[in-house]
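Two complexes, one shared chain (subunit A), two partners (subunit B, subunit C).
Presenting the complex of A and B:
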């Protein structure tokens, strides 16, 4: 858990300090922080060589969730627009990729539409289609604010579920459709084994690097948006809509654009999730997923990329960890043994709930406000920095 | 000053580089992932054993739902399988090894289900339980492609047929529905030219059943009046009104127990006492305690791929006794029979594979294919030799009865209707 807690864009702080040139390259090199980040980056790159598929898959789920959570944090955390429909855009991305990249096949009596496009074009188009879906919703997204938008977007979930179950020529219906593997630079990200340094690389190992690159790109892009002019406009809309309008921020246009951008993030995350799952299942893209994304940004910290990534890691990894190890907890009995005590699945849910409550109670700003004391003291004495917001 | 910084800089950089290099070189050296391929090693008795199986145990995975929508079914199946494992081990185990169930609760969540499969796959010989056909479909590619572990899903949709490693036990929903309609015909409750209603769940359970009812209707000259519902719809008043309007002579239910109870109860209250027949998933003993209980006992029938737990036959009777002794607080329902039969089938396949001295995953799959007429004590003979067809085409027709344990008594012994025998899969 300790390594995943800090799954923030690994190279971000040193790069920023180097670019702004404030304390200078040498100062950055002198802080232990830089080395901690470098070590962390190397660790992330080396993980596929050591971890088994279960852990890699958990990490991949977390990374996909992180991309979606960054998108939602742009919308909800930075602009103050609540969205309950994030899962819908994940579904749009995931299914668009399947439809575009797959060859037409007949499965379980459904003739599935497929365009057979190369994988990378399908990815780009799928993200684009999610953006367009967000754009179609923008007349509503631009006009409604806060909780009202939340209720409007709730409709998307129900429409989405209905379409996913019934448009079986596109979606495969209840049992979903299989996801064609991604091909990039002559590498196919499927389960065929490739030996890298004596280690058999299957889909999880190969996808790990794609996911890392995608997450890094998404994190930097969002950071750029948040730290620049658009980010300030978004925060102004969140904090005082009328004041923002008076200052010349086109409120409706900004709201609509942020909604489109966050849909594209969700679409990208949907594609990645589909690649990890190897099959899209409509059941997954429901209300609970949307709520989980909201939980991620609240737990991680509203309005920042780091918060979204930490929250995503926390929310997607903790239940998996607890489910896997709950059997060794006290008072927990193996299911079906008939003895008293709670089942492992229940125990993991209680613990997860308790952890969420604890974070919200004791770290109201989210997990991203958690600092490691030694790093902080060194940094505060050597490189004084303004608060993060 | 500057020179010192530069030197320090380059030294630091060199250090980072060296560490990185050392790490990448060391990577392959001490990773446990290098050099797998334990497939097919032989133990001292000359039996080739596959992944997951040790000298002492045969671990079997059970991917179940103990906290989600199928929690009560998952609990019964899991406990019945624990009971099976205990019995097998008490009788000396299989191939000199103890059977050990590794249970993971996915709570009907796709992400948890796929993760749990990924976690257990390298550790177990196969899966004796896997609840949730969408999740089985999600890992199907991996099971068929590389993992090859025998999976016995607790889902009876025809969409799962065709895989050499994923084998359903008993009739699929389409066959079961055909047999159910045939029962109504032979009992003279409906005749040619009649309209019958079909209330079914959105999703593969309901839609698979609908394929069956349409086929049966075509054969017998009936007309189907469709009513599609969602698993969240609990009140069937609207459906009953629509079916009454359409003048149906009987109703088929491919939904959950709650929907069946509501349907029968509402119809009886509105003096619309047509016979209603459901699939095996459309009954739970708990619904007999509801106000719809008397109407259910009068108008309702259930088709099922095995004898009910309350049957006086030796197989179910012994299981009911043992289960009640092991889990005195829990209800007896048909999940108990389903879970226990799956365990017995797996055990038989393992025993045969052991006799063939091939306890690899392929060996277990092949052993199951040789089981052409397997009778597991629950009334139905299974034929596992064709992965493209269900293991049987016979269904038992049962009637709710509050006096029998499990709430169901047999009214028609296992039979396969002519239409069910002629039905072809995968068109």
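Presenting the complex of A and C:
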């Protein structure tokens, strides 16, 4: 991981120039990168007008996963603390939102508790509750390091599953509970149709913009954390815990705080997932989900926001792609047919499992380190390489 | 009283099996400083080979093949994956083992499917009775086999040149290498031994009273993780103690489930993790783990 840091300087200066806007404003306008980003942003905003519900939902899952992966990357990538329990915090977020926002209902003979709070308050509180859950784990999260913490957080998965199945007046038990739709600024994000520019907008289309805004906020917040003072402290803890302590970084407090922050990210992702699914079931929040998040950040690139987003897109869109095109792919069969082939879910697990191994061995730094050669050569001829020696 | 004794004995027997798994896990950690999250999948591999082959080869031969198979899988993971990593960060290697685990578990659960495979053991569901206390033969076999293997392992670890090499490598890899210890062989053999121990444990996790080898077996194997960490990851004594603690507590919590009903159904499966959390709150390095001194 440390070698990725050494490679950062040659790339960083143009970005900072562009941000501070001093000499680089016109230079930023001339780089192909700026235009690429603008085109990408417009594409993302326009997608709900063209894609069908299947792909929109796939995209929404990817965005929710990206939020959780950014949070996990703050913890695992930037601070070096492994967590296998992030599915637990997603569950806390998702179910807290359900309990807070829903009206009390009787479903399948259970009476489900609900507080009927307005949606946005429920979202904020759900994220807060996830943070508190992370904080309750801080005596352990602050003291253990690296892979030790990984095993300790396994406990969270099992505790979470136990509570979800047993506290059935809150969670609905095995069958889960339905998720009340969010309403914000007078718009309700349910399946009632609204015509926008001749396109009927249902929940997926409307949620798309909420998710995009949430992802953007989360990404910039995490970037701020990573580039500022806390980020340096976190990297110092990862690279050399004792040296960091000697330099005046309160190691235990930082570890615990990053754990809390990261569980809040997971809680937020949980709320978003619940809104997309429209129903939460306990089984979903198991170990496989936690492992998927770890796979995302490793494949994308440890310790960077961009890596988390790229990895999330890769891991969560892969099964959808394989499902959609299962007929035309060799070896892969449609789910449920059992015709001797590999089901899309399994096939994607093979792929990302292999990708995790391959990326660590052959591509340290993950997919986010891959650069298109032509872009790189343009940039390096234009800016003097200060950082590289 | 009889129930208590039966539960304690059953717990000890399960605990011995967990200790076998945890021992392998600790051996890998000591020899290579890698936390091996793929351990449950090694176990599943060994159990699968035994369960598939016992019809054709007979139980004992199938078991031997299963043990050898798991050892080969472990060694292969070391040789083809771990050894290729050129960085120095061991927590990144832990993540690699997660990737390996995803691959192996997906492949094995796909092969197992929804079937429940019998391990084909000779003990079946026979029960031995001493006075009022009765115990399944499989549990006694598990206790004896685990005790035998653990003793053999600890003796080898202490007295053979292989054991000395391994302890030297764990103590200080650079010095050990200068003394002529071949570190590659040490870590290869650690992975192979861990695989073999896990395959034996797989047998005893799938015999009566459990239905057999199924997808969920890898979840049962995961309980060796809390066992290893509550004992202390770098201590073989800790692995034994942790395994026994986890086994006994799980057995008691399952046995007295009706008295613990306020905690919800299935508390027995959760108990090992709760104990781990409690122990870690008091001793973050585990019961027998060394708080690592560091030179700055």
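Just so we're on the same page, the second predicted complex is superposed on the first by the 329 of 389 C-alpha atoms of A that agree within 3 Å, B and C clash if a C-alpha of one lies under 4 Å from a C-alpha of the other, contacts with A are read in each partner's own complex, and residues count from 1 in each chain.
Following the convention adopted for this analysis, a contact is a pair of C-beta atoms (placed from the backbone, for glycine too) under 8 Å apart; a residue touches a chain by one contact, two chains touch by 3 or more.
Given the structure is predicted, the values throughout are model-derived calculations rather than measurements.
Chemist: Is A:324 contacted by the first partner subunit B, the second partner subunit C, both or neither?
Modeler: In the superposed model, A:324 contacts subunit B only, not subunit C.
Chemist: Return first, second, both or neither, reflecting whether A:364 touches subunit B, subunit C, both chains, or no partner chain.
Modeler: A:364: touches subunit C, not subunit B.
Chemist: Just checking: does A:183 make contact with subunit B only, subunit C only, both, or neither of them? Give me first, second, both or neither.
Modeler: neither
Chemist: Applying the touch criterion given at the start, work out whether A:283 contacts subunit B, subunit C, both or neither, answering first, second, both or neither.
Modeler: first
Chemist: Check the residue A:38 against both partner chains and state whether it touches subunit B (first), subunit C (second), both, or neither.
Modeler: first
Chemist: Now for A:53: first (subunit B), second (subunit C), both, or neither, which partner does it touch?
Modeler: first
Chemist: Looking at the overlay, what does A:113 touch: subunit B (first), subunit C (second), both, or neither?
Modeler: neither
Chemist: Could you tell me which stretches of subunit A are touched by subunit B in one complex and by subunit C in the other?
Modeler: Comparing the two interfaces on subunit A, one with subunit B and one with subunit C, the shared residues are 165-166, 346, 349.
Chemist: Can you list the residues on subunit C that touch subunit A in the complex?
Modeler: Subunit C residues touching subunit A: 35, 37, 81, 84-85, 87, 89-96, 98-103, 106-107, 110, 222, 225-226, 228-229, 233, 264-267, 269-270, 273-274, 276-277, 280-281, 284, 294, 296.
Chemist: Help me check something: in the complex, which residues belonging to subunit A touch subunit B?
Modeler: 25-26, 29, 35, 38-39, 42, 46, 49-50, 52-54, 57-58, 61, 108-109, 165-166, 173-176, 178, 191, 197-200, 277-279, 281-284, 288, 316, 319-320, 323-324, 334-338, 343-346, 349
Chemist: Mind pulling up the subunit B residues that touch subunit A in the complex?
Modeler: Interface residues on subunit B, with respect to subunit A: 5, 8-9, 12, 16, 19-20, 23-24, 27-28, 31-36, 64, 66-67, 75, 78-79, 81-82, 101, 103-112, 114-116, 118-119, 121-122, 133-135, 137-142, 145-146, 157, 159, 202-204, 207, 211, 326-327, 330, 426-427.
Chemist: Can you name the residues of subunit A that touch subunit C in the complex?
Modeler: 1-3, 76, 80, 82, 84, 139-140, 143-144, 146-148, 150-152, 154-155, 158-159, 162-163, 165-167, 242-243, 246, 291, 294-295, 298, 302, 342, 346, 349-350, 352-357, 360-361, 364
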